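Handing you a structure now.
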Amino acid sequence: MTGISLSSAAPSVDSIQTAYMAQVHRRRLYGGLTLLIFVILMVSGFHVADDRNAGGFWEGLHQIGDYPADVLSEAWEKRADLPALMVKYFPALVETINIAAVSTLIGAIGGLFLSLLGTRGLAKWPRLIPLFRRISDVMRAVPEIVIALVLIFVLGGGPVPAMIAIAIHTAGALAKLFSEVSENTDLKAVEGLTSTGATWFQRMLLGVLPQVAPNYVSYTLLRFEINIRASAILGFVGAGGLGYELRNSMAWGPGRFDEAAAIFILLFGTIVFFDQVSSRYRNRLTEGQGQ
Amino acid sequence: QEINEFRIGILGGENAQDRMNSYQCLADYTTEALGVETKLFAPADYNGVIQGLLGGTIDMAWLGASAYAATYLQDPSVVEPVLIKVNVDGSVGYHSIGFARVDSGVTSLDDMEGKVFGFGDPNSTSGYLIPSIEIPQYKDGITMESGAYFGEVRFTGGHEQTIVAVSNGDIDAGVTWADGQGNWEDGYNSGALRKAVDAGLVDMNDMVQIWKSNVIPEGPVVLRTALPDDVKATMTALVDGLHERDADCAYGVAAGDTLGFQPVTHEMYESIVAARQAVIGN
Amino acid sequence: MLQIDTLTKRFGDKTAVDAANISVNKPAMIGIIGRSGAGKSTLLRMVNRLSDATSGTITFEGEDITALRGAAKRDWQSRCAMIFQQFNLVPRMDVVSNVLHGTLNKRSTFATMFNLYPQADIHRAIEILDRLGIAEQAPKRAEALSGGQQQRVAIARALMQDPKIILADEPIASLDPMNAQVVMQSLRTIHEEDGRMVIANLHTLDTARRYCNRVIGMRDGRIVFDGSPAQLTTGVARDIYGAGADFSEAATSTEIETLDRPEVREAEAYA
Amino acid sequence: MLQIDTLTKRFGDKTAVDAANISVNKPAMIGIIGRSGAGKSTLLRMVNRLSDATSGTITFEGEDITALRGAAKRDWQSRCAMIFQQFNLVPRMDVVSNVLHGTLNKRSTFATMFNLYPQADIHRAIEILDRLGIAEQAPKRAEALSGGQQQRVAIARALMQDPKIILADEPIASLDPMNAQVVMQSLRTIHEEDGRMVIANLHTLDTARRYCNRVIGMRDGRIVFDGSPAQLTTGVARDIYGAGADFSEAATSTEIETLDRPEVREAEAYA
Amino acid sequence: MTAAELHDTKLAAEKLFQRKRIIGFGIPAVIAVYLTYIFFAFDLPGLAERANLDNAVTLASDSWSHKVHVTRDNRSGEITYAVEGERKGTYPDGMRPAWVSGDEVTTIDLGGDHFVRYLPDNRTEIDIPGFPLITAQAEGRLVTTNLPDDLPDWISATDRRVGITTPEGRITLTGARTEVFNYFPGWELFWFTLDSPYHGQGLGTILFGEQLDPNRGNIAGAVSDWWNNAMWRHKDVAWAIGETVLMAFLGTMGGAIIALPLAFLAAKRFSPVMLLRAATRRLFDFVRGVDALIWTVVLARAFGPGPLTGALAILITDTGTFGKIFSEALENVDQKQIEGVSSTGANPLQRYRFGVIPQVVPVLLAQILYFLESNTRSATIIGAITGGGIGLMLTQAIQTQKDWEEVAYYIILIIAMVMFMDWFSGWLRGKLIGRKD
């Protein structure tokens, strides 16, 4: 084979074959081991969970529809009341959405600063980058429920503890997503502004934000979606809103299942609604920028 | 018919792990008596235990009267009451206590017009069911609808939360349970107030009693009906004899000093069942 | 051995290939030229059965290819390898695995699911890679290779199929002149040494002239030229490309050394 | 007016600029040449205070530039505009806004936040754009412009700063010859008409010769030549670029019409 | 450009800036209006009133300190010493803290020259510097004292109850009991409870010293006593964390395993039947929209409380989320690779295996591992409602509001757990997919 055979001084085919076969065997071994470990973890994990659960998986499986059936049959019987009940609980829904909206707003602003201060090339105090990163790591790691419960103790019940708790977690989570975007910003524009004598704030506002805004908004919307759920969940532990009403009506059981159903419809509808709207809007925001 | 494990559900009132610890001795005796593994479960609220009993995933629990009624109303055949706790003075009841902060100026339900009133768990007898029936009887015009007589009626989630909410001023008054024996300044002999005082959470000098219910029957120890008869018999005897066998263990299980347990039947709770049906509907 | 008879492909209104007739009697190296959209890819894809013909037939050694279904169709595909402009390798898998994909049709589904290939196949794959001068790349991921190397991996995959026919759809369009030469030379060598039929879509005239012993020109789905490279005059080329008098052959050139053109052998090979 | 005194910049072991001395007494158009890595960019960035000097001083009209901090530093930057090879505009913003960024140092953060630029500034921005022949582009996004237009926007931003000195770091390196000529001509006009000092890094000799009245040559961080374009013989250039005898000036050329070179005026302008 | 054109351009530019200003002011204005509305809707003015700073102080100080109760039962005259006043922290008979002395008269040294003396006949003396000596006598339900009428605000007194709070400690007197609380920094009994022979022993002694318990080796004994510590219950805490991680692991992996085949049904490329595709997508939307929390409640009837229920709830929700993400990933696969594999005569399964799976695996793995971390947080919350695990321990510890040091302990553990899972999933991602993709 003239002209293209470049394998003159290279290792012989035999040694390549041997080396490759060794690699194949190693890969099969590791692959097999990984699979084995995973299967063992899954199976044994399932057994531990099954064992530590009150009811077993197989015994419970056929009853899975009992509870929804109870709720649905009662709700169906009293279906005429549902619209009125939904109106009754609408203010609670508004509160839940408000909690999500404010905490997303505050969290996004916090996340914005944390990410700018924690990104190489943009940070105002480059030495403090690790500090701001750790801060956002910790804020992200704390589950909302932890802060909410502590704040309920200090501030009393109501929407504010939930709002603060979700905002803190949101700031941490968004800071991470935002930094991934801002790490890829084009620093040329920032340098251009620096050369005119712009302050840090002006550089961020005019040089960075216009570049990252679409991605930031898209992530914020995604977070809003998540926060609606979070805000409903925190209601379960006393932070007000729809979650609180849902927990009570479910606790009462039969007799109030129509209320549970009404609240559930409100909550489900809201989640699906915002989910659809935001995912449509997010697609629009990010599709324009082919990379 | 065989069972291969025995599952005991524990109602709220204490730290989940403290509850588990208090019941561990009972679990050990059960394992010994039945020869099967015994597991303890402490769900976050009353409803967790009720669902467990209904779904057949919990075999025994010591319920509140209203929680028993809730279970009974959803499925009368699923559990049967077997025992009831006897107080030191031989009585088998306790009270729902309405209370407020001294500095709030509230001294009776008359002062509560337009103010915020707090219940505990919706499935609690003293924290919701009985007060929601008896308080409106206090005088004409009181209802438990938010915005009617009271400015707002709220559920705090449990007895502890009610006490904290009152002492924080989140709510103007609330209801919780106490045996009604002993002194107010100690938080009575037993009950949620006493526990809060013991924990240094509240100073009873800052609190004032504004209402007290009639005697409420203690909740029953229930067993799942579907359990084999010999298991039911063994467990009834075990709990019944617990006080004689191991007073410390009985103290933990019954959350305080008692004279032990005595047999009880469904009839004892018929009025509570009726009350619950009236309030919550079925 | 290969007969293409009034083969037609329509996409909606658009006739991509319009009653094409080609007949090949012995293994040849055939270049198909024509401008973008002429229907070259569509034709090759129908031969490999990646897409179905609207009408017409393809017959190979007496067997009606267009009628094959299911396993028989896949068996045909394994005998008729295809090379793509964008290489169409699995970038995250190593080179040898990519080459071994050429044996998928012969091995049991179960074994392949777990990447269990016989050792003999693995050895052969590396030998083929060696023949193409890229054996040292064997354990690397395909995506780590240069374009020219990737295309050689694709050729190795094709050879692994041990095919009667190799179809190549603009195999050098994404490559720089240096790599283009290596790849075309490889195809030529395979044709000469193994006696396999090679049909290559090419978008440059001089490549077709240099490496092929038969050239087919397409324009708007129709075959407008079929002859030896020598018959491919500038006038004919203008015709094929539909260009005006300003058409300069060099405009389509990708050659490095346009002077050193080897003799076109077997120019008389086509029927 | 501008004195650079034993200015040095080290990155770790690497000395990017090595004890550079430059003294300019009156506004001149100065070209700095040298091959890649010679330290040209580093030198300019220190003058604009985009990076700090390791040692040495820069003095402008008696003021020690290297010692400035915070607001005083930013004030200096506003008097000393910089133009970059990659234009360094804000791509997603419109052209006028980009030009108005030249006034940032004079405006409060609050005002810039709400786009509260005075009407006079907006008018002036348009006038500057007009002077550079791109007023029609005013409402477009910067990224929608061609490279040459973007560089003229960058020059407009610099003019908006009304600076004493304009620094230009290879302003034409990313441009095609046609646009390069327009941009260099603009810089030259600004120097001549406004009397501003222009210091431009250039990587091609002929551009420096054509537009500048003083040329500084750098090699490995040191200033190895400082004189008039006329003094810049091929021998000297070889020295600067460290090239062998095969060095041909044309190799660095970006000119379109190398013949039509205007007379270099004010060649005696440097100290 | 002519003068007229230039003028027009200027006008146009002015208009442009006017528009920008409207947006520039408009967005902050809308936000400000909304926040004002929230300010009143959430009753922030009232919050200052409702906020209880004492609670904050209790929380902050209690979380790093502990108290020891010295209690005299005024009926029996018996004195007990207990850490945090708990049974399991009670000093065994014959043992008492070093700052308590005396037999007839029990003197409690609170530090800073504050002394409390339990005298016979239920009398008590409280000696606080800068304040006259307080004497008190408990009789029946009453407490009589020599306290003056106008009291400083750190003393609250009625004839039935007296409470004194000083920086050194707290004293309460009622007819039934006299109690002193002495505060110390640190988490007492964290390693060993009082009944363990290893309590108060240094690490050196335990590792290298002589055998403290005749029946057990030092290290084995110490580890076992620490593990079974009744006060801090390290064993239960470890199990709870294990359960929480288990819920997240089973839920995430199970969800992914179920979602993968379903995602093919929902992806346009692989599922030609429109109806089936739409049905699968709606199913994903439904299980996702219901939310893990509600699934937990629904499943509690069938499976009862416990980690399996939590895991199944996460599994169901994640099936929806993964289904959506996976099917999007599948729709974006590069056709070239599939075609390359098809052209060799591969059958459909082989096509998926080599044309599709290698492409989507990095995306899927990255998502799965990301969710593993985020589900650890969800599992904490779900646990608080039904499952159990560390979430339940935390919520109950907070709701019963007495053991703030335990709350602090749980919070630290939870944060450490989530950060560990974050690090671990990142590490695994790096191992499996390669740092850069």
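Note that the chains are named A, B, C, D and E in the order they appear, and that numbering of residues resets to 1 at the start of each chain.
One rule holds for everything that comes next: contacts are C-beta pairs under 8 Å (C-beta built on N, C-alpha and C of every residue); 3 or more make two chains touch, one makes a residue touch a chain.
Remember, it's a predicted structure, so these values are computed and weren't measured experimentally.
> How many links in the shortest chain of touching chains run from chain B to chain E?
Steps on the shortest route: 1.
> From the Cα centroids, identify the chain that ends up most central relative to all protein Cα atoms.
A
> Using the touch rule from the top, work out which pair, D-E or C-E, shares more C-beta pairs.
If we tally the C-beta pairs in contact for D-E and C-E, the bigger total goes to C-E.
> Which chain has its C-alpha centroid farthest away from the centroid of chain E?
Comparing chain centres, C lies farthest from chain E.
> What rotation angle superposes the Cα atoms of chain C onto chain D, in degrees to the nearest 5?
175
> Roughly how far is chain C from chain E, centre to centre by C-alpha average, rounded to an integer in Å?
For chain C versus chain E, the centre distance works out to 63 Å.
> How many Å are there between the centre of chain A and the centre of chain B, using C-alpha atoms for each centre?
Once rounded, the distance between the two centres reads 38 Å.
> CA centre of chain C versus CA centre of chain D: separation in Å?
From the centre of chain C to the centre of chain D is 54 Å.
> Just curious, how far off is chain E from chain A if you go by their C-alpha centres, in Å?
18
> Out of chain C, which residues touch more than one other chain, so two or more?
In chain C, nothing touches at least two other chains.
> Out of chain A, which residues touch more than one other chain, so two or more?
Chain A, residues with two or more chain partners: 52-55, 60, 63, 66-67, 153, 156, 237, 250.
> Touching at least two other chains at once: which residues of chain E meet that condition?
Touching at least two other chains: 50, 52, 55, 300-306, 384-385, 388, 395, 399, 401.
> Quick one: which chain pairs are touching?
Here the touching chain pairs work out to A-B, A-C, A-D, A-E, B-E, C-E, D-E.
> Along chain C, where are the residues that touch chain E in the complex?
By the definition above, chain C touches chain E via 48, 50, 71, 73-79, 81-82, 84, 86-93, 101-102, 104-105, 109, 112-113, 154, 157, 161.
> Give the list of chain D residues in touch with chain E in this complex.
Chain D residues touching chain E: 94, 96-97, 113-117, 119, 122-123, 125-127, 130, 135-136, 138-139.
> Which residues of chain E touch chain B once you look at their complex with the stated criterion?
My answer: residues 49-50, 52, 55, 67, 85, 88, 141, 156, 158, 160-161, 163, 170, 172, 174-177, 181, 230, 233, 236, 300-306, 384-386, 388, 392-393, 395-397, 399-403.
> Show me the residue ranges of chain B that touch chain E in the complex, using the header's touch definition.
7, 9, 12, 14-17, 20-21, 41-44, 48, 51-52, 54-55, 57-58, 157-158, 160-161, 164, 168-170, 182-183, 185-186, 198-201, 203-206
> Okay, in this complex, where on chain A does chain E touch?
Residues of chain A touching chain E: 38, 41-42, 45-46, 48-50, 52-57, 60-61, 63-64, 66-68, 95, 98, 101-102, 105, 137-138, 140-146, 149-150, 153-156, 158-160, 163, 229, 232-233, 236-237, 243, 246, 250, 264, 267-268, 271-272, 275.
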